[in-house]
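Following are the structures in question.
Two complexes follow with chain A in common, the first pairing it with chain B and the second with chain C.
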Partner chain A sequence: MDFATLAAQLNAGTIVPEGIVIVTILLVIVGDLIVGRSVSARWTPYLAIGGLLLAVLALYQRWDSTSPISFFGEFNADNLSVVFRGIIALSAAGTILMSIRYVEQSGTSLAEFLTILLTAVLGGMFLAGSDELVSVYVSLETLSISSYLLTGYTKRDPRSNEAALKYLLIGASSSAIFLYGASLLYGLSGGETRLSAISAGIATAGLDQSIGLVIALVFAIAGIAFKIAAVPFHQWTPDVYEGSPTPVVAFLSVGSKAAGFALAIRLLVTAFPLVTEQWQFVMTALAILSMVLGNVVALAQTSMKRLLAYSSIGQAGFIMIGLVIGTDAGYASMVFYLMIYLFMNLGAFTCIILFTLRTGTDQISEYSGLYQKDPLLTLALSICLLSLGGIPPLAGFFGKLYLFWAGWQAGAYPLVLLGLVTSVISIYYYIRVVKMMVVKEPQEMSDSVKNYPAIRWDLQGMRPLQVGLVMTLVATTIAGILSNPLFTLANNSVTQTPMLQAAQKPAVQVSKDETVRLPIAL
Partner chain B sequence: MVSTQFPWLTTIILLPLVASLFIPLIPDKQGKTVRWYSLGVALTDLALIAYTVWNHYDFQNSGFQLVERYAWVPQLGINWSLAIDGISMPLVVLTGLVTTLSVLAAWRVDQKPRLFHFLMLMMYSAQIGVFCAQDMIQFFLMWEIELVPVYILIAIWGGPKRLYAATKFILYTAIGSIFILVAALAMAFSGDHITFDMQELGLKEYSLGFELCVYGALLIAYGVKLPIFPFHTWLPDAHGEASAPVSMVLAGVLLKMGGYALIRMNMEMLPHAHVYFAPVLAILGIVNIVYGALASFAQRNLKRRMAYSSISHMGFVLLGIASFTDLGMSGAVLQMVSHGLIAAALFFLAGVTYDRTHTLDLDEMGGLAKKMPSVFALFTIGSMASLALPGMSGFVGELAVFLGFTTSEAYNPAFKAVVILLSAVGLIVTPMYLLSMLREMFYGQEGNAVVGVSLLDAKPREFFIAACLLIPIIGIGLYPKLITQTYDVKTVQIAAHVRNAVPVVAHQHLENLPRFSFATPVFQQNELLGLVK
Partner chain C sequence: MNLAEGVQIVSFGILAVMMLGSAFGVVLLGNVVYSAFLLAGVFISMSGLYLLLNADFVAAAQILIYVGAVNVLILFAIMLVNKRQDFVMVPRIWIRQVATALVCVGIFALLGTMVVTTPWAIVTTMPVGDASIVKIGLHFFSDFLLPFELASMLLLMALIGAVVLARREFLPEATLEPGDADALTLPERPRELLTTGRSDSTIQ
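So, the complex of A and B:
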């Protein structure tokens, strides 16, 4: 059998984007080996970005593919996966833009960093399309292990080591739990591994009300909730965010989280339709806890990275509203919010990195009076934070509006009201930072800002940072007002995905019942 | 409904916003060019408003005019939809005038001038957007856009307690505006089709319980802004701490957003609930008038005294809204316009005084009349207008509200007598605190802040700003038809609209009707409880 027929049989064309990423990884490693570390640092990041953008282009061409199932059901390249893979690849591209100077200054090798990051992207992209338990687990582990390596990348920094160890321990146990849940599913369904076949298998075996299925569900949710950092599986987040290199945190909070949400939608909708009520109930509880705890604890933070860690927990809670209501609009609003979140969160992290590079600190109090010294950074950080807080007319407002719109449409009134109240709480801590930067008088400047170095963009690695900053700033500002293309994209990705359409009818019914039971959950 | 003519309203709204984006690019070190630029933009926009209203607005038409509608986010049913009618047109003109004058009043802002003018222009756009928006989500968006600029304007250029005041302002308003969004979503999803268009929402049929809930939610949101007792506590802080140009806009325009929205949404869209809530509004109006006046009397800080006087004056708007009569409605709108002019003038003059004496404490002032005769004269005219001296706009507005309320057939005579009597108390206290303010500032012994300081009298620029506000005040006072004829077809229509709802409600709850006419809060609660059951 020659290669072409094999490829045709496997329908390998669906994973060309991932193939491009793999080739990029190889080129980066080999290039680094041949030309040496100092020389390769000049071009490998751009090669990696180019590769990622090429992958996004390839994804664009695979939009609306007529035969999305490939590798005998291992991988499903439907439109939903295309959107999520695009988000993950773009988040990595943004991360690379901001990491060049950062890694350079930390004195470690850039090419190795890129290799691990791209491997994480690869895992995330495969995870977004995996339609079978084994490939889900393998890609999940690819993503996780690369993430552990990334968090410990600045190996001379004890905090980075601490973060990596914590992340590794909690991550390893959560993937073990997830694996156990997967094995339960395998057993209950009579040896099925394809997600779509599992529920049928369980139903045939007459186990649709068994306690084993519920346990499998709980274990699977534990694995997912760890990835998206939903309360109460969030404990690693603040420490890991604080200790890890900041670009890594940016990727974890956007790319890795998007992959987690992709897994959540696919696994819960396809493998657990028999217990839809139960998983929506559990996810509702997680959403409520995440929104409340994330946003309330963020009020008390003094470190910028910890603030964003808790804010990202709260944001995950908002996104879960779209998941639990289980309507077309709900899923579409999730996708839309993740796209918006990509820009605004990456923008915020770019600003933090820039500030840390120039002053060496990320204490919120050190930002005071920054407006006098660096207006561009102040503007960009203010816009990104206000957008995260949902202030119109920025992109985040439209994201939240869509989530709440969908929630209200599905009748999840308590969730929407809670979301609104916690949004107002979040405005308070976001605007506290803005106030720190903008409002302080010259004499109230912090020491770091007083000794602020002259702004130079011509240092190596600063140009890409500037490009990233301006691009995320522009996107965050106008993606809301001109949100029509993104809305269309998000809606199409949901309405043209057969898996979600098949699950649609019962899901709507259940979400109506869900709201009736909500007060008990509260 | 897409208009074929030039999109005037869109241009008016977007011009300051787009122009503000170029402020960072202006080559300017001292902030001199920025203020000219900003003033130029503000004047251009004011000229555009004047031109549009004069040439393209029909004063005898009670419907929406200059309608524009473009699909914005069709997936959610959100449109970019603008129009003006008799309620919004006077307020748009007022916004243009007051904001332009406040840009001129901010001539001496030398601290971060770029940021200041950037925010002022942004606020300009958002304010007009609020008055023109015909889509609930667009309205909410404009309402929120104005929040952050005001927050920063208070927090940077304010008085000593500015951070506290700014935070209080943003928290009150942000929490209040949640209710707008919730009400918008609730109304949009009720019934058979999803829409955020205000006119279509007004035509939908709601159940009475639902209408009352939405009305209550919106009342909280707009009650914070107007402000209505007990949601008013942010106002004395915010107005007291803000710098003069910002206070002008706060008192002159932002409060009217609350009154405008009450008329536009609560009355026009929810007339049945309005029948139930009107007595509550009347009582809250009296509380505002009397409480605001008494609290104002107790203030020793000049701007806080004016801030409480604003609360007192906004009570008349509530009374007018609650009156169910043509005259009362007309009075409510007139009172909004007139208070916008008077409050802007008084806050501006307070700023002028503060620039010279560097204190707002009434105990420190005194004997200023000799040193600053023209400021004294202007201040006196402003105060007289505020205490409703006949011949000034304040008098016409309050008189119309009183007459409207007295002639209202919706209330029984006892209730009307009590309302009028109590608000007359407010009317008596108003001259007391305003005249005593004048006395403490301008007459008598020279205060600590004045002794031995040479104080300049009003400069031509300051004189010009005050005159621009005071001339319309006197003009309206002498010939009120000047303004009322531009909008009264609309107010008559709204009053008829809510009056029509009275028999409907009465028909639905026939046995409650006799009790309704007594209209006390106690009975209101029973009424509501009965409905919930």
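So, the complex of A and C:
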């Protein structure tokens, strides 16, 4: 095999977006090295955001590519992976907007933070498209190790150290378990590492009912469930979310989770079609536990970051409804909800960072009476929280509606009813925060709000925070009413992905026209 | 490498006894330094097993990486944490130990059953032996190119991350404009390290 044919066979054009991210990482490192820390802090974040947006643009051009398989089957750039990679890149762009001032204020350097964050994005983007066990594992580790480093980034804060250590230990053991499952798959299939070849190999060897396959499935799910923080693999979430820097939490709860869901869909659908009923059963159990535990425990929280940690566990439970029903509409509703979740969760975290920067606390009780002092922050946080709770006409309502509608169509009635009940519970704790901010009388104001500093957007690094706040606010508000483009995108990403179409069970196929007409019928 | 059947069985037996003995030592011994050295014994016997399987490169990599790097790192960590601390025995510790033993035996039984009952597809072709390095290299630069190259980004990031975690912190006020640093505040920053000296840094 000579070089020219090798280069042609690689089909490397599919990873141009990732290439752009890599070039951005190198520019940020070298630029920071040359011009020095205080000067580089003024332009590296914008360079990183520009690189990420350029990567999203490059992804847009690769939509519907005719030859998505590249690197000898290592990477599959189908439409589903394009959507997930876009979500991950956008979540990082939003995270950078909110992190500029935060990182400066916490007394750590910005360029290294950006480098590690962008590498996490790179790992997540490769994970969303990896179609082979070695690629899956290496990209999973790239994402995980960067996440551990980001979690411990404010190293002078003991809570951050604790969070990083817990995350590292639990993460390392879960990825070891995942690796064990992957090695079992390799052995059972007779030495195959490509996901599609694995299921074929296992079927040829006649091992489709063997105990080994079930054990491999359980081990693989343990690794995935750790990434998406599904109960009972969620134990790290509250402590890590509370201890780590807030922008990192925003990325972990959106970008890293989206990468986990992309891996879940690809691995479970492609490598485990022989045990579909079993994995759907296990994921149903995880979804039920996540919805119940996440939303019920969130009721008792007093810290805003911890509240959002438990709420994100609950939200992962809702998204898993779309995964377990295994229909076109189910996968499309997952993608749709993740896109909306991106805006509303990033918006909520931007608001928390702004409040923390101005008052130095994130206790929920300290938010009381904020409306009198900062109407914009109150409005944005209220909209994002109400949208997370699923109040119409905000974006989150349509996301949840689509998820539940898809579940109802597929006949998963108990799961949908449980989802409805737990989302009512979740509305209670979201509204509690909104009530705290809005309806308190001036004399009931908390001390932090009484001492609220004058609102200045002209300080260094505050303008991007404002831009992020307004953009997520607008997106969360109108993405519900004008959701058709996002909706079509989510549907197309599923219906035009060969992997999901091949795995469809004809009995539960949902008519496409009905799916597309949904928002108008509302 | 072709050893006679008898030699293979005998060396397998010796390696297995070595490995199990040192593995039990790692878990059961009270002194952490002994455990760390015995861990090296586990790794070395494992690389002996790889040699028996005709996987020379993996055996060499096992010794270089696990014994040479990971285990030495563990020993360094033990030496640098130079803190004598007397362990207070937790009351009813045996409940935990019994529970751990039960879980481990259970998992071992499950995995053992699985390994025995599964009809594995055994490769019948002769292993390449000494030519394995060439073969691994070919794979790295053809069908495993993507993870191979991605690993370089992973290592770069790990390098930067290690530097970030290990370097001495210099005080950051110089990066913010005067009067700018104390306009906002964060709980993440330990107060005693502030150079401005004003502990309540919110302005009215």
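Heads up, the rule we're going with is that the second predicted complex is superposed on the first by the 498 of 522 C-alpha atoms of A that agree within 3 Å, B and C clash if a C-alpha of one lies under 4 Å from a C-alpha of the other, contacts with A are read in each partner's own complex, and residues count from 1 in each chain.
Here is the rule we use: a contact is a pair of C-beta atoms (placed from the backbone, for glycine too) under 8 Å apart; a residue touches a chain by one contact, two chains touch by 3 or more.
Because the structure is predicted, anything quoted here is derived from the model rather than measured.
> Chain A superposed: clash or fit between chain B and chain C?
Partners fit side by side after overlay.
> So after the superposition, what angle do chain B and chain C open up at chain A's Cα centre, nearest 10 degrees?
150
> Touch check for A:152: first (chain B), second (chain C), both, or neither?
second
> According to the stated criteria, A:319 is in contact with first (chain B), second (chain C), both, or neither; which is it?
In the superposition, A:319 contacts neither chain B nor chain C.
> For A:285 in the superposed arrangement: first (chain B), second (chain C), both or neither?
Neither chain B nor chain C is touched by A:285.
> For A:428 in the superposed arrangement: first (chain B), second (chain C), both or neither?
After superposing on A, A:428 lies in contact with chain B but is clear of chain C.
> Comparing chain C with chain B, which touches more residues belonging to chain A?
Tallying touched residues of chain A, the top partner is C.
> Of the partners chain B and chain C, which touch A:500 in the superposed model: first, second, both, neither?
After superposing on A, A:500 lies clear of both chain B and chain C.
> Just to be sure I read the superposition right, which of the two partners does A:112 touch: chain B = first, chain C = second, or both, or neither?
The answer is second: A:112 touches chain C but not chain B.
> In whole Å, what is the nearest CA distance you get between chain B and chain C after the fit?
Minimum over all C-alpha pairs: 22 Å.
> Please give the residue numbers of chain A that touch chain C in the complex, ascending.
1, 6, 10, 15, 22, 25, 29, 37-38, 41, 71-75, 101-102, 104-109, 112, 115-116, 119, 122-123, 126, 132, 134-135, 137-139, 141-142, 145-146, 149, 152-157, 159-160, 187-188, 190-191, 205-207, 210-212, 215, 245, 356-362, 451, 453-454, 456, 459-460
> Within the complex, which stretch of chain C touches chain A?
Per the touch definition, chain C meets chain A at residues 110-111, 113-115, 117-121, 123, 142-147, 150-151, 153-154, 156-158, 160-161, 163-165, 169, 171-172, 174-177, 180-181, 183-190, 193, 201-204.
> In their shared complex, at which residues does chain A touch chain B?
Residue positions touching the partner: 332, 371, 375, 386, 391-393, 397-398, 401-402, 404-405, 408-409, 416-417, 420-421, 423-424, 427-428, 431, 434-435, 438-439, 483-484, 487-488, 491.
> Provide the residue numbers of chain B that touch chain A in the complex, in ascending order.
24, 72-76, 112, 115, 137, 140-141, 144-145, 147-148, 151-152, 155-156, 163, 166-167, 170-171, 174-175, 178, 181-182, 185-186, 189, 194
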